[in-house]
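Should a chain be cited, it is by its letter among A, B, C and D, assigned in written order, with residues numbered from 1 in that chain.
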Amino acid sequence: MAPFQDNYTIKLHDTDAAGILFFANQFRIIHDLYESFLGEIGFGFRECLDRREFFIPIIHAQSDFKKPLMVGDVVTITLNIVNIGQTSFKITYRLVDQSGKLTGTAETVHVTIDPANKAKIDLPDNLRRQLDKWVTTD
Amino acid sequence: MAPFQDNYTIKLHDTDAAGILFFANQFRIIHDLYESFLGEIGFGFRECLDRREFFIPIIHAQSDFKKPLMVGDVVTITLNIVNIGQTSFKITYRLVDQSGKLTGTAETVHVTIDPANKAKIDLPDNLRRQLDKWVTTD
Amino acid sequence: MAPFQDNYTIKLHDTDAAGILFFANQFRIIHDLYESFLGEIGFGFRECLDRREFFIPIIHAQSDFKKPLMVGDVVTITLNIVNIGQTSFKITYRLVDQSGKLTGTAETVHVTIDPANKAKIDLPDNLRRQLDKWVTTD
Amino acid sequence: MAPFQDNYTIKLHDTDAAGILFFANQFRIIHDLYESFLGEIGFGFRECLDRREFFIPIIHAQSDFKKPLMVGDVVTITLNIVNIGQTSFKITYRLVDQSGKLTGTAETVHVTIDPANKAKIDLPDNLRRQLDKWVTTD
């Protein structure tokens, strides 16, 4: 299956007085793509929050910043499911500018928990099946 | 009673590539003072969200921007309760830099609603009593 | 001319623990449309910041919040140029959900200044001509 | 020397509709402490941006999230300089709640560059001397 991706244009509010993307905003931006992805596979946040069957908080996140991004820059962000465990999964992201240059990467690790007691629970089968379809070997 | 106020230092992430405070962040900054104020009068958000007796969403907000603020600038923000109605109240804010110059103002209007059905309800008496103590005539 | 508009999906980070759009984020969201608009008429922020011929800071902003927005809600945001003065212009925004209900409005007032000395200057003719094309009578 | 630290109260806008700190905001919050630290050692962002002798962009950032934080929670954030290289340095952060429980950690790697051509340059001696004073062995 083709990787899940979308374009994003750096907004003025993404930048800071140094003239470039403020680092924390790269995490916000890749999470927007993750939200689209969850919607695509039928697990949008709205339903997840309404049903309260499971939450999938992030327990680890990291980013590398390889090329400064400025307001108006367009990046293509690609999401890859790289690892699915018993109670967690890992996603990687790549940001590539319009000249094809890699500007940054990111990684997030998510665990499934019971919203009531916050205890880890196994990945629901239907979520696992959907994630499985998108596993890519980088 | 002395007006409720606190200092705030403009952070890098508050600014944008034009080198000054991004306008929407002034709203975020004055809301931080409002949160402190609610805590001070015994109606912190945490308790409010836990009890679910009433929510007090903002139905109107406005700001004027009189002097650009840059990273490291310190402003003293003052909060005034200016109007308490049957189901709503209005707050004004003034931001003054360390030379005494007014850099901006803001205003927010809040209504009390029933969290269950979102219908407007009268301001709870104990909240009204606390707000009354802080009414100032600008 | 048809009004300038685009759709926006409320993201998780736009919301707060009360479960709805945090008010200050409505200002950020309408500014994103303004950025697209500036690009459309040939005055993108990137060029504006690079050329340093004029900056157009916001001196006033206001919003009304008529219906709470939740994660996943899609709003159509419409931008109207309503007033063009000697050194300033005013924009209004309307946010309408997918059932056609008005969820909020906003207004921003912009002035043109000389980036070097921050003094007000007349709206550049070419910017005025572009804005003129989009003036609508609400 | 005692580690550099400060308290931070989780704000409503730091949280999302899941009721807890939105992960990307932890990066914003630890950067606020970094800004205070830079000011403390005489290298505040304002001066750095004005002088344009060197910029110190972040090239890597990571966080672990060990305990969800809710609005009103107070965390003590501690900053440690753990590694100073030829052209870079690494900082670690620990967030501890008021019961003494570790809620999260973070790490940022910074490089010094020439603002004009973006090329890596050696850490300026005076910056290195200041950072050296705060190196801690965790």
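Definition applied: a contact is a pair of C-beta atoms (placed from the backbone, for glycine too) under 8 Å apart; a residue touches a chain by one contact, two chains touch by 3 or more.
Since we're looking at a predicted model, the values are computed, not measured.
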{"item": "Cα superposition angle of chain B on its copy chain C, in degrees to the nearest 5", "value": "180"}
{"item": "From chain B, the most remote chain by mean C-alpha position", "value": "A"}
{"item": "Euclidean distance of C-alpha centroids - chain B vs chain C, Å", "value": "23"}
{"item": "Chain centre separation (chain A, chain B; CA means) in Å", "value": "33"}
{"item": "Between chain D and chain B, distance of the C-alpha-averaged centres to the nearest whole Å", "value": "28"}
{"item": "Residue list for chain D, restricted to those that touch at least two other chains", "value": "12-13, 17-20, 24-25, 28, 31, 45, 49, 70-71"}
{"item": "Residue numbers on chain D that touch chain A, as the complex places them", "value": "17-18, 20, 23-25, 27-28, 31, 45, 49, 55, 57-66, 68, 108, 118"}
{"item": "Of all residues in chain A, those that touch chain B in their complex", "value": "12-13, 15-20, 22, 24-25, 70-71"}
{"item": "Chain D contact footprint on chain B (complex, rising order)", "value": "11-13, 19, 28, 31-32, 35, 39, 44-46, 49, 70-72"}
